[in-house]
Every structure is written in C-alpha cells, then in structure tokens.
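Structures for review follow.
In the two complexes below, subunit A is the common chain; its partner is subunit B in one and subunit C in the other.
For the complex of A and B:
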C-alpha cells in the first residue's frame, strides 16, 4: 500500500454556536440548527473544526455549551460578551484573525431578536459569500465547496461557492448526534476577551412573549344579499371544474398529462 | 332553415293576456318586455313596480336583485364585477413603497398579495400625500393580475444573470433600483422561497437594520423613529413579540395584512434607465437535484398521487407514482384495508397536505378527506362515479377506470421520456 500523499492542507472550519431555548420548558439547550451545523462539520473529511460562541457564561448557558462539547470536542472558544451586547464586531474580528475556510452557523437564533441576520452581516463585513439553508456539504476541492441547499417542499438545489464562505444550516439538515455526558464535562471552555459594543436599538424595543396571532376571518365582500346568502350557505366546491365523461382512458390520460405539464410538476 | 316566419299563436295569446302566469317571460322572449323604469316627460324617472321580477316555478312572483337576470349569466356577472372595481391612479406619488414578490411558480402567491396589501396600507395612509406601490419583479414570470393585486408601478428586471439562484446579482439589481428611485420602504416576504434570503442581503447591503418576521403594523401617532409606523415582529424562534418603529426594510410574514380586493390599480410599467451592474458571482447554481419523492414528507410534497377505495391494481398505482415522480398518499379506507401505511393517510384524521397538484385516484371524497386537501391548488380526480364529492372539488375530473387511465398516463410519460432521449 502506498501512503496517501496529503498535499492538501486540512480544511479549517469554524462553527458558530449559540445557546438555544427548549420550546416547552424554556431551558437552555443546544440550539437545534447550530447542533445540526456541528454535525455537518463533524461529517466533513479532514476538517479541523473549531467551536466559537459569543456571549455570557452562566448556569443556563454552560449546560447548553457543554452540550456541543459532548459532540466530540475538547474545547470551545468563548468570546465574552455581556447580555444585550452586539456580538458582531467581536465575532468579525475573531474570524478575521483566525481566517477559517468555512464558517457554519444556524439560520436563526432561538433567543434574543433571532432575526437571522448574523451570517449576512458577517459576510458583508468580511467580504465573503454566504449561502443560507444548507443541508449538506458534498465536497470541497480547489477552494470551491459544493453545497446542497434545502428548498421548500423537500426540494434540493446544488450550489458551488468559492471559499472562504459562510453557510447557514437549515432545519432539514441531518439530525445532530447525541451529546455524550463525559466529554461534555471534560471539555474546556477557553475564554477570550472581545471588544464590547452595546446594542442600543434592542434596548429601546418593547419585547414580550409572543401572543397568538389572530386567525384570518373569511370575509365575504358581496354587493347583494343574494351573494352573501350564497357565500354563507354554499358548500365548499371548486366550481368550474372540467369533467370528462365518456372518454377513452387515453383521452383522459392526455388531459391529465397536459395539466401536469402546465403545472410543471413532471420532470 | 327556411326563411318563412312562423307564428306561434299560443305565445301571442299569452303576450296579450297579462293575467297569464307566463305573461312576462313570454314578453321578454319576444323582446317587448315591459320596461320597469323609464324617463318620464317631465324628466322624472318613472317606475312600474308591477313589471319588476318574473314568475317563479310555483307561480309566485320573484324579484332577483343580484343583477344576474339582466346579465348573460354567472360568468358574465363575475366579469362585470371585476370590471366595475374602481380604478385608482396615482399620477404624482409622494413616495414609493417597493415590494419584491417571491413569484413562486411565476405567479403571485397569497403571501405576495398580503405583502402588497401591507404596501397599500403604507402608501395610502395619508390621502393628501399618497404614495405608490412599486412591484419589482426579478426574472421571468407568468402573472398578469398585478393591477388587481394593488400595484401602481411595475418594474420588470430581466437578464440571464438574474435567473436561477443568483442572490448576488439580484441584490445588485435591487441596489440599482434603490439608487434610481429611493423607495421609502422595501417590503419582502419572509419566506424560504427566496424572499427571506434576498431581503436580508438587501438590508445588509443598504446598511439598514431590517425588521424580520413582521406580522402587524400600526400607525404610530408619537412618530418615534421618524417613519410614523410601529410594527410587531416575531423573534427568537417565534417565542417573542418585538414592538419597534418600522424600519426601511421590512420582511413580513404571511397574513401580515389583508390583500387588496376592492380597487384596481394602474400597474404602469417602469424602466430602469441604466443597465444592471455587472456582478462577480461567487455562488454558482448547478440546478435542482432529483429527490426521491417517497422520501418527501407528505405534508410538504408538491405533487401527490393519492389512492382510495376505487383502486384495484395496486402495482399499477405504485408504478404510476414512480413514473410520475409523485409522492404517494392514500384515503382512510385504503389505509384501513392495509394497502398503504398509516403515515400516508391524507385528510382530517391523517395529514393535511399542501400539494400544488393532487391527483385523487378512486377517492370519492369524504368530507374529512376534502378538509385535508383544502389548500391544494389543482385537484385531479380519476373516478368511476361522476356524482361523488371529489368530482365537484376537482379542477379536472376523468370518469373511467382508474387502472386504465393510469396505464395510459404512464405510457404518455414514457413516450415523452423516449422522445427526449432521442432528441438528446
């Protein structure tokens, strides 16, 4: 057997992880999309994966962050930022210094504003391309990554993006592995001080628990009483549907085929 | 046909006899119906209340005020109401509100229409200084009802660079629009179909902090933040409501406002003066990837072939689903009888589907099943019974043996694939 020639340096990947929030109990946990991002990075061959978190360390967030360490990491870099700070400058600075090839994030945070802007802001600041909704990295060759992007309705699209790049992971990406308790306890949280800039806009906004959105009523705008009565009394029906009776199966099939073609569902 | 005029003494007699129950109908047929309204000699409108209406089947006089009797029929009436919507034209708008619709499948989605409704709210708030809604359509489209959706100005940007997934080129084009018109607000749908991605890119490029997940806006009398509007946006994975002044770039959720329905608008085309800027694209679209339709969750499948009690040839059905590339569904009966797994059941007791095209094979259409397919766009029914409820719901119904129709359909698809292969 010939020893493999490793002329390509290993790929440096940084995963930005955040503290999630359990939808029912509200406790801190691994954020779902971030954990999927870590899983994605773990699946990359010959990748050196770094975990990076910007925020405060307290009881709730420590269990959440150690959850990521339990996915098979020795250390997690923690950029110390106070509550309510704008983490963007510190993150951008750190990433600029470390200059990884690929940065993986979740799409939206589970706490705070959760606007999903971070990958775009970082990309604009660093001048890197960004791709959202990635479910798989199919391969990386010659500074170009081939990605699989999730579209609505379970569809997928293949993209090529030039590295270095920032990708955000969709909820349809492979589920993260379970976090192992021992490695999670043993892992180190490496503190790094970062520049602090406060988010004044956020402090000025009113934030409350989400209330249920009102259901849209079916409003009948009818000019006459007859129309209103018809709308209230009529059974739901498509109306104006074409019915082909007494046709051969071939004619019927041709009509269906035409409709499927027009709708563009046949490939 | 001979040219000889035939007299019908009976109708003439009825026309003379004004006490006859069919008197008015016959008069109307002969074209000499009694006018119920006419201009009197003194310039006053005179009415004959006895001439209004017609005799119903039970010999009772009925008055139809819906306007259907005067018109040609149902379809004509619907068309006339569309025509009769007042046309709103804004000649010199005080400002512009730009909307970038998703146009999934080339048509305005209901989300896009809601967004245009939101734009109208912003534009029409001050009747003294009305703004115009500008729709920025990027790439090819098939939509022609922009006027009814509330669009005052329509800007269509087309270039081969903008097709497919080209977020960088699209943002570049929108920035060119920004430079040319400087709209007061940019509204985009916060949807996975592209609006969410494009809107965030645009906001970052413009240096604005956008409001994402907006589901409500209200006028803000205090005028904080300058825009005069406040918005309520969802944050933190839909667990928070954030109230803030409305920024320039807004990414709004579906049902953020009522769509425009009562007015027509000009949809006047605009042209971008300068050519679109050339963009260095670092993201290349390699096109869609074929996915296994059986692996797609039924609730989000685009194209479903669903089987019911009427299916006898199950092998043929599975083959058809495979050939058409459709996700398989089933009615409750087919599942209960053990022909299909439980997780494929469509309906109120199973999965509520959102398919664009739903083909129901041998399904009669129980009300629970029809509830489950409420949000499907096009429903095709293949059924033996022409009187069943599924036929009433369907946009296209074929009455016949489902096995034969499916077989013919598979043959058509195979034939087309063959032709494509030969051509290629």
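For the complex of A and C:
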C-alpha cells in the first residue's frame, strides 16, 4: 500500500436495511432493494459503511439481518423499535446524530407498511435532498455526489447532488453479492435504544393478504413471427384514453365512473 | 574393505531416512487433528495394501506385476541386506534369498524402464524418469555385493577400483530408495503411502465390497470450528498425508471428465498443488500435465505458490490454486475410484469449496442464486414449494400426511419441478401401480435433499434442509425409500446418517428389478433398436449399483451394448457437483463427450437412471441417440402379469398416465 495523504476524511455512508420477505414463501430474507443498496455502498471507494436497521430482533428478522452481515460486515446497528412503532422519528434522530454524508435505502419495504415514503419523509425531516431510483454512485468530490438515476425503459439520467443526501436504490442497480454464512454468523448486532413513538393509525389497521392484481390479457392476432415479436416488444400504448381539460370535478368524476363501468371494475 | 564399508553405508542411509521421516511427519502434523485408530490402522495396513490397493493396481495387469516384482523385491532385498551386509550374517540361505530378491527387483525395474521409454501423457516426467535407473542401480549393486558373500565369487574378487565403483552405484541406489523415500523424490510414495493406508480418513472403505462415499459433516454448532479449508494446514493431518502419498501415475487425470473437457482441473496436479502447499514453495517443480485452460492447452506451471498457513485460493490474484479449478469438479469420483493410493480428491475439493462459499461468499455462476433459492424455497429452482405435486394433479398420489404409514416412500426429488423428469416420475408411478405396490409420497412436505447445496460447499444450507427432512420423515412409518434420483439416494442413504437419519434407500431400478424377480411385473418383448446404458456416478461409483439397471434392461429383452467406459469406469454426464450451475468454461462440453461414447456403440437409445444425466444428455445438440429413463422403458413395456392364469383379459392393468 502506498501512503496517501488525503485532506478529505473517508466517506461515511449509512445503509438503511430492512427485513425482507420472499414473495413465494414469505420467509425473512435480505430485502432485495436494500441488499442492492448495501452492494452499492460496498462498491464506493474509501467509504466507511454502517448498516442500520430499526425494528425488533426475533427469529425471522435475525436470519434476514445476518444476511446483510454476510455481505462482509462486522456489525449492524439495531435501533430497537417495537412492532408497530413509527420508526421515522427514531431513525431521523439517529441519522441526525451520526450525520453520515450519504444515506442509502431501498425504495419500498417488503413487509409492514411498505409505502415507500420513508426516504422522502426522512429527507423532509432532516432537510436533506433525496434522489430516488439510483443505480450507481459515479463519484464523490467536494461534497457533491454524481449519481446515475434509472428511468423507465433502461434510460439513465446523471444527477449531481450536494451531500448529505438520501438516495433510494432502484431494482436495476447491480445485484447484491452472495451472503456468506461465516461472516453472517460472526457479525455483531449492536443494539441501540431508540425513542419510541407508537403509530396509532397502524394499530387500528386490518392487514390481509393482497390479491393478485388482475392483469389484462393481451390478445395478439399475429400472422407471423415478426408480428408477434413486434407485439411483444412494442411500447405499452395508452391507446383509447382521453385527456379531459377544463372540466368541473363532477364531470371528471363522471368520466372516471363511466370508464370504470366500461372496464368492468365497477358493476 | 566392503565388510566395513557396507554396514556404515546401510546404517547411515537408514539413519538419514529416519531423520527425513521425522521431518516429513512434522509437515503432515501441521494439519488439524483427526481421530485415527493408530495401532488398529497399522495392523490393518498390510491387508489394505495387499488386497485393497492391489485390487486397484491390478486393473493394469502389466503394471501390477511390475510393481509386485519391484516393490516386493525391494522390501525383501532391503530387509535381507540389513541382515546380510549390515549385520554381516551371510550364512546359510539368507544370502541366496537376497540374491533372488534383488534379481526379482531388477526384472521389475526392466519393466519400469520399458514403461518410461515412451511415457504416456498422464505420467509425470522429471525425477520420475530417473526412477528405473535408480531401481537398477540398487538391485544390481546389491546383487553384485552379495555374490562374494554367498561364495559365488572370491572375497577379494576384482580390484579396489571395482569395489569403489560398486559402492558408488550402491550409494546412488540407497540414496534414491532409502534416503529419498523420506526426504522427497519418487520413492516418497512408498513411505507416505504405507502410512496413508494405515491412517486413512475413511477406514470403512477398505474390505471386499465396502465403500464410503458420503461427505463428512462440518461442525456448525461450534463457532470456533473452521468452515472448510482455507490453508493447507486446515486439512486434517491424515488428509495431508494422503496428498503426500500421490505416486503421480495420472490415472485420475486419464479419467477426469473436467480434464478431458479442457476445464482448468487436473486431479493429479491439484493433489501436487496441495503437496506444494504443505511443504511451502512454488509448483515449478511439477513435471506432469498442468491444469488445462480454455483454448490455451494448459495453465503455465510455476506461477502458483503457497505455504502451509497461507491461503489456497486468493481473494484476488494468484495463490496455490485458482478457484475455477475447484469449481470444475463434477464430484463424479472417477479419480477416487481409479486412485491406487486411495486418495480422496472429492473430499478435498469440497472442503476447499466450503471455505469459498461459507467464508468468501464466492460461489461462481448461478451458485449464489441457487443457494438463495434453496434457503428461501427449499428447491434450487426457486419454485413455489406448494407446487411440488402439480405434475401429479391427476394421479391421486397417496400422501404420507394422510396415510401415515406405507411400505414404500417415493422420494420425488427436485425433478418434480422439471417437465422432463415429470415424465419419468409419471412412468414410475405407473409401474408402481401395475405392481400394486403400497406407496406414498411426502408431497409438499418434501424438500430438496441438500445434495447441490452440499456439493457447492454450503454445508449450512445442506444441514438445515437435511435436519428438516429428517424431522418430517420421523413422523411417518415406512419400510424403505425409493427414488428416481441417485443424488437423493446418495444423500438420504449415505449422508443423512451422520445427522441422525438412517434409512433403507434404493434406486427405482433396484426396486423394479426386485418387483420383476418377484413376478409382479411382466414386459412385452423389446421391439426397438440397439440400446446402451449410461451409469450415473451417484448410482454406480457412489452406491455400487451397477447390476440392477442392467437386470431390468435384460428383463425388458434388451441386450445392452456397453460403452467403452461403463460400470465403475463410467464417464460422468457433467451434471453432478453443481457443475452445470457454476458452469466453468472448457474447450468441450462433458455431455457431448459422453454422447460421443454413446454414438460409438451404435445405439439408437441410451437408457439412464438419473434426472441430471437425462437433462445433460438430452441437452446435447443433434444427439445421436434418444435418452429415456429406465422407468419410462419399463412403463412402456408393461403388460398384465401372467399370474391371472387363462383368463387373460384385454383390459390393461395399468391406467395410462403419461
């Protein structure tokens, strides 16, 4: 190693990790997007990466959290929060104290509320900028990060954001590395007590299994393979929609009502 | 003059050999401790050498006779030389015996020399090329110095020049044969090999018909226990001893499917890499064929180096071995079956893979995805575990959860998710129904047996799957487990025992053979063309079942056209050990080579008994033969059993389910 004199301290990065849920079996696992976030952080040169989870430790969540440790970490900070608590204030407080330069999250949790609002609410509280759908951090210089943001259809947009910032990771970001059993077993879960603010609304909610969203069958009348390919590769056209301008709310509502009736959503 | 010089020479050589032995033992003892019955092992050693080892060597008759003459002659000559020349007791018959022994050794060494005239590619060159000369030097000089001792020549025959020349040749012979045996050199194999046989890691594999093929479990409960092998010193000491016993005959190299496919693995080189590691240094001294590399012929020798306590596989850069060498192995055990020194290559490879997966998290190819699937869904494909029985939706298979006890538990294996294998399973169900077998399946309670996870080095996932399967099986009563998947057969039968699950497991071909012998199945005569049979590694070499599938084919009226490599020498299909998952590139594909073997027999159909083999052989583009599972052939040939007497109705006994 050649000695290097740097006037900037190493980059402090905190990755917020949650307990994921396998879509078929419901077993606890690394949340896919969070794991991609960890991978993104691991790929940053000179970064000091902290893992932070707010929640409780139980049998299901421990496997998932150790899954992140298995990506090559010695420790994970566990901000203790009971089931059903609003983790936002506690997270904001912890991040404010630790003041990392970059916070990486997934876009949406795989269990619990899963609203996808956490990065925005955190950014609002901390007064930091937030960028969604990030697939790469291309460089960090003089307190400004160059990010690559994923847009639909594989398009990418390069953004510059002043640090500290919160970025959420898109599913198109590089796949997470394998979680190894050895480091996962050895890694420490460091408990930190956090301020608890109970989410009263949550307590009143009823949770039920989501039904599969009905999917419109695409009927392709294709005579040749070329037509079939074109149909498969074609852009999803809106087709048949209408743009209503300068209408009263009643007219708008009536139009939506009519559409729902036509589509058979309302009977 | 010789009377004083000879004892000095002999005892000096023995003394130096003793020092060398002590140094060598210290090298082996760098390994981790291993429970070995020292005295019982030493007592069993002659039998292991004379019976088990010789059984393997005798597959090459010329070589085995050569070895008997040379090694037998040497042991006898050395022992007698100590008595006759070392202690000066030449009276009576001893001197004559010594003459006979050294003459036998000389004849043997002539054959060794012949073998080395145009050595085949699998043989190591380098120091091994001088071995026949050294053998001759020893045998001839001992013969010559014994002639005066028995009185065939006068004591003061020849001049002192002759005596000095003779002594010089003897020094060469003693140097190679006695000093070199423990200080390194070709004869090291005799010293290390004898002790390796005595302290073998799998003493249960010795003896007629015995085999020991199950991998040994890692201790996961002890957080201090290492997860696999990182450095040469992480092997147990008797594994290191085993590596050191390698005689570099290259039989493993000749049978290794990965080597033949040009994948970067040569079992002989790998074992020599371990020897380099245990002694420390670089592989520059290796004189055999190197690890192949794609399109380049071979990976250059001399670039890799290691130490007993340094890493075997570097995270980046080069160390002792490259990771793709370890991941090329299909765990087919052809090398182990063929090794005359009884070295356990597959154990070593899996030990090193365990470290790469469990500590580095570096399973190549689709390995990580498959392991994640196994953790989350209990099957490698990531399918919904609730859909395991979808292929049998119309078959009304009895579930263990309903019937609680049965004669035969049909273990489906992960082939239940594969459309090709579902045809095999449906055919086998038809056979079971035709023979009116009382059977049931676990259905959605079944999980992957853990075979792939274990071969990919993920012992934690293997043990998790195994323990849950054992817990499920313990709820039910059954006589035996029958499976169409030799991999499940091997794991359930040979590897669950260590974790507390002992079952009577058999392959479906064994079961069909039994049903046929019991008169519960009858077959229409075979009308198809020529048929050959491919032995699955996990059925044959792992479990010794070579006869039952052939008996079934015979019962079907099929005369099997055997491939050149069949039975215990069967060539792997390339589907074992997670090799299709890690997918290390080579110059050729292993299943293509196997299909060429099939083509050489002229068979139009190749009978198989394993879902992996089916998938690999069917995946061959423009395959020369159709691939059918034995169960499918049997199901197609089913006719009503003649037990009903004259009232042969036209009604088919079995309902068509395919």
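Basically, the second predicted complex is superposed on the first by the 209 of 267 C-alpha atoms of A that agree within 3 Å, B and C clash if a C-alpha of one lies under 4 Å from a C-alpha of the other, contacts with A are read in each partner's own complex, and residues count from 1 in each chain.
The rule is short, and it goes like this: contacts are C-beta pairs under 8 Å (C-beta built on N, C-alpha and C of every residue); 3 or more make two chains touch, one makes a residue touch a chain.
Treat the numbers as computed from the prediction; the structure is a model and nothing was measured.
Chemist: Looking at the overlay, does A:72 come into contact with subunit B only (first), subunit C only (second), both, or neither?
Modeler: second
Chemist: What is the contact status of A:27 with respect to subunit B (first) and subunit C (second): first, second, both, or neither?
Modeler: Second partner only, subunit C.
Chemist: Which chain, subunit B or subunit C, is in touch with more residues of subunit A?
Modeler: The partner that reaches more residues of subunit A in the superposed model: B.
Chemist: Jot down the residues of subunit A that show up as touching in both complexes, subunit B in one and subunit C in the other.
Modeler: none
Chemist: Going by the contact rule set out above, which residues of subunit A touch subunit C in the complex?
Modeler: These residues of subunit A touch subunit C: 22, 24-25, 27, 29, 70-72, 177-183, 185-186.
Chemist: Note which residues of subunit A are touching subunit B in the complex, please.
Modeler: Subunit A reaches subunit B through residues 21, 23, 108-117, 120-121, 123-124, 129-133, 146, 148-162, 165, 201, 204-211, 213, 216, 219, 221, 223-227, 236-238, 241-250, 252-257, 259-260, 263-267.
Chemist: Okay, in this complex, where on subunit B does subunit A touch?
Modeler: 64-67, 81, 105, 165, 168, 191-193, 196-197, 200-201, 203-205, 209-210, 212-213, 215, 234-244, 255, 258, 261-262, 282-291, 295-297, 300-303, 324-326, 356-357, 359, 370, 374, 377-380, 382, 386, 391-401, 404-409, 411-413
Chemist: Under the definition above, what is the set of subunit C residues touching subunit A in their complex?
Modeler: Against subunit A, subunit C makes touches at 223, 227, 357-363, 367-368, 371-372, 375-378, 382-385, 458, 460.
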